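Next come the structures, one after another.
Shared between the two complexes below is subunit A, which has subunit B as its partner in the first and subunit C in the second.
Moving on, here comes the complex of A and B:
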């Protein structure tokens, strides 16, 4: 109480460090907004300034929407991420239930394989998966974007860990009440696991919304492009990269995630603390 | 409603025998308590009756029919769990309605969104509502029907769990330590309520507990289990007064029965602490253990003496802890009259009536006794 007026040195140091870190993290975003607001001439001028002398945000946005079908790309992003997430849940929940609550031969081995699966980076399996999709004639389609991600070993692992904390009595009570095993997954375990499902949903949607690598490999058709590819669209033209519209497009495609984050900030943080992953 | 027969039930987990051949018959309408220390296999036995756990060998018959290949829900038994196991996302009403919905509605009718639109669903749902509300009325939980389990107290959750069991009108009720999560006062209250419920429903109750007080106060019969075996079954009075094994004698009764080292003489007489008791038995001479309940120890008179080392005055009764000189033994005597307590550290004479004594051989089995009273020879009680 006595030093209520004097701010302790440690607190100041802590905040200075935090502000410096935040500034470092935010710099690219600020640069993006700044560039998106400048006309072409200012972007290439040699002097460095953040606030544009002449505000050209509207023109850049207009050009971005005119050059590329941004709305279509955003819709593609929604279709792909939602499909991936729904299918991942449909696979992960029953698998996690079996690994957490059912007793069968080889359960531990299967779980070890799941853990092993987490260690494999997606790039390592990219070529075989690409070839399989080619053989199946599925390249350049929504299926090519969605199918490789339907089985998420991370999702199975996360759900299994959460299901372990659901008391066995609850499962037994459901069995006594006549609920089938699949019924238990959807009627008992899913409602109990909503926090874990939300956390997993956040990771899944963010990862696949922002994924650049896989769509770039499997897509040719312009109408199937996902949001990150849309940004790249502004880069390659022989007439040189038009940075203003590019940055404006980037702003548009990150907007859904930023808005979602602002609306569900607490859920995001809960989800991240729940999984212990940063 | 149901008679349950267990024959030669065996169960092992990872090579460890949990149940070593249980034969037991539970009569229709009985309130049976399976009681024993933790790890004795009583919960496993209950789960085998319920069908939640398969036995390694042996059969379970309900009403004369083998049920071993039948799913838990199809056995039509209801179970109340220690943790109540209420569905946390459903209201009290929906929790109680689950067994009815599962039984009365078809899979399509249970679908979310689509189900409620189907013809006939409305009428069935109305019946379910009437049944659930009837149960809630009986259990005094009608005002709680809209609440979620998280908003209920322990006792209320307990009642909801009982309601969920009652609503399906099962052939028998299985209880797995349902009171152990409640505080002491509520436990005593719920004990009376459960006994009352049993009288009203006249259904078969199988009740697992490690609390001998619960078993003694509620059951029509007690089955004592130890180390995977059923040692003794009988009415509470039989189990208390005529335990046929020292482990039963020690488990039932609080404070614990006093056990003194004794000796059977070659002529069949029994010595304890160097004093001959007015008893005789036909067992071979040798060591034995002599059990006397605390309330059967008479302070003030008798051939023995001890020093008062501790006094517990509970108001209505008192427990006097005595140390026996030279023997390194402690005894507890229950005193009904708390106005005349012996002083701490004083020496007190004590004794016990011959018919208060139970004698067990070194393996723990009870030895039948004859009280040496020429005028009336008591028949040893058979269990």
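Moving on, here comes the complex of A and C:
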């Protein structure tokens, strides 16, 4: 076996293995699109085929939008994820700046609590937070979906680490110009931290767009449903009958994030693997 | 630096005295610092640390949502829990799920990362494809998987029948349901692990491979064993722990696809906690389950921070 021979062989083997794996990873997506494009009779046939004989994507989408108020649910998803992200930044950035650049009594304790907070899984506080929202009469509202996540200790940690790398000179120069500490956070630190804020934003939006556990617990009303809850309800109400519209609905729900991901893969991968640090 | 230590002094001394002895801007900055951290500190107390203490306290009560009063019952919830067959089933299933998904998703993630990194063409295309399941809403994809696993019209059984193999009622059969959920779990986690491994592989210095080659490590396997695997050690442990913590939290697929069935064969800890706490509203009992769950997760976290202390840093 000569060297010249073995190199292309290995390259081909690499592609063969990776393509086989990729087919496995993509199978659910392909099957989802295929099923969403088939009429009922083709879905319930024991003969497997990928390409529909008769294209029914438009019909299935129309039925999905007619049976569930998908636009409303997508809008809910946007409202909730954006609110959470904006509030997280409003709370975390000032704290992160103080922890990184200011000296005050209790700073070390606060930072230790932030680090400790990162270790607490979200399910751990569910029962007490639920009881609190119940007492406050806030269950089944946007507030119930947003309030518990306004504090992101992980966000504080991440921003604090980033602010540490911002030169003190920049902060001092701003003080010379008479900018208040509060002004420094928003007019000096925020612009400097845009890459970190973007990464955190992607992390936060993806996590809360996809979250099922919390909305499931606090919501009752149909009009407040978030996208994952909407798919789950769609599935339960159409149990085993209309797979075409169900797959069409699943497609609609995953589309916004998947499309955004395909356009900005590098940023998304960066943002989501931040959880790795968590 | 000196300014900073003065500010610390200012906070320790009564405010009136500090005013006279320190330049005004120093103490004003301290006040600003408190103003800046107050919202975060308050919310952290209300939404995170308070509830954490609360869940532990609740686990010693018989509190039920809507009940007029409750009392401290000591360890009774835990006694009930440990006497409950469902709890042990849930714990066993959760551990089985973790023990299948973690090795599966870690080994597959490593293999894919190695394959991608071993050549130069189409790297980012492959990375995108394998990462796609991490991005896609799990609930939506779980519903797709359910249809793929449909006993009659599903893709999986269709392929099996085509190959002349026996078909299964995957999610409706108690002997296969948990494995089906594991497969979905692995499918979803592989891309995430792959990305962490890719980052680890990129950071291995090229010279090490050259040195190994000079020392006679000519085969790919020898290079892997002598350089890649040892250099990747810390990343691997890290990925294992992260995958472990995440698999312990398995809930979405269970709740939407099996509700813990058939006959409790897919009942897992968080699902039991959800059922007790948010369907039967037995808050005290659910709190006790949460505490057990927390103990497991914190044990894994402890392993992780131990490793981080040994010089593995990801920030």
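Following the convention adopted for this analysis, the second predicted complex is superposed on the first by the 238 of 278 C-alpha atoms of A that agree within 3 Å, B and C clash if a C-alpha of one lies under 4 Å from a C-alpha of the other, contacts with A are read in each partner's own complex, and residues count from 1 in each chain.
Here is the rule we use: contacts are C-beta pairs under 8 Å (C-beta built on N, C-alpha and C of every residue); 3 or more make two chains touch, one makes a residue touch a chain.
Since the model is a prediction, treat every value here as computed from it, not as a measurement.
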{"item": "First, second, both or neither for A:192, with subunit B first and subunit C second", "value": "first"}
{"item": "Which superposed partner A:177 touches (first subunit B, second subunit C, both, neither)", "value": "first"}
{"item": "Subunit B versus subunit C as contact partner of A:167, first or second or both or neither", "value": "first"}
{"item": "Which of subunit B and subunit C A:51 touches, first, second, both or neither", "value": "neither"}
{"item": "Subunit A residues touched - subunit C or subunit B, whichever exceeds", "value": "C"}
{"item": "Contact footprint of subunit A on subunit B as seen in their complex", "value": "47, 50, 52, 71-74, 77-79, 81-90, 98-99, 102-103, 164"}
{"item": "Of all residues in subunit A, those that touch subunit C in their complex", "value": "10-11, 14-15, 17-18, 21-22, 24-29, 31-32, 35, 43-46, 48, 90-92, 94-95, 97-99, 102-105, 107, 110, 113-114, 117, 119-121, 123-132, 134, 147-148, 150-151, 153, 156, 161, 180-182, 185, 206, 209-210, 212-213, 216-217, 227-229, 231-232, 235, 243, 246-247, 249-251, 253-254, 257-258, 261-262, 265, 268-269, 272-273, 275-277"}
{"item": "Complex contacts: residues of subunit A adjacent to subunit B", "value": "167, 169-170, 172-179, 188, 191-192, 194"}
{"item": "Residues of subunit C that touch subunit A when the two form their complex", "value": "4-5, 7-8, 11-12, 29-30, 32-37, 39-41, 43-44, 46-52, 54-55, 58, 65, 108, 112, 115-116, 118-119, 121-122, 124, 126-141, 143-148, 152-153, 155, 158-159, 162, 187, 190-192, 195-196, 199, 238, 242, 245, 249, 251-252, 255-256, 270, 273-274, 277-278, 283, 286-287, 290, 293-294, 297-298, 301, 314-315"}
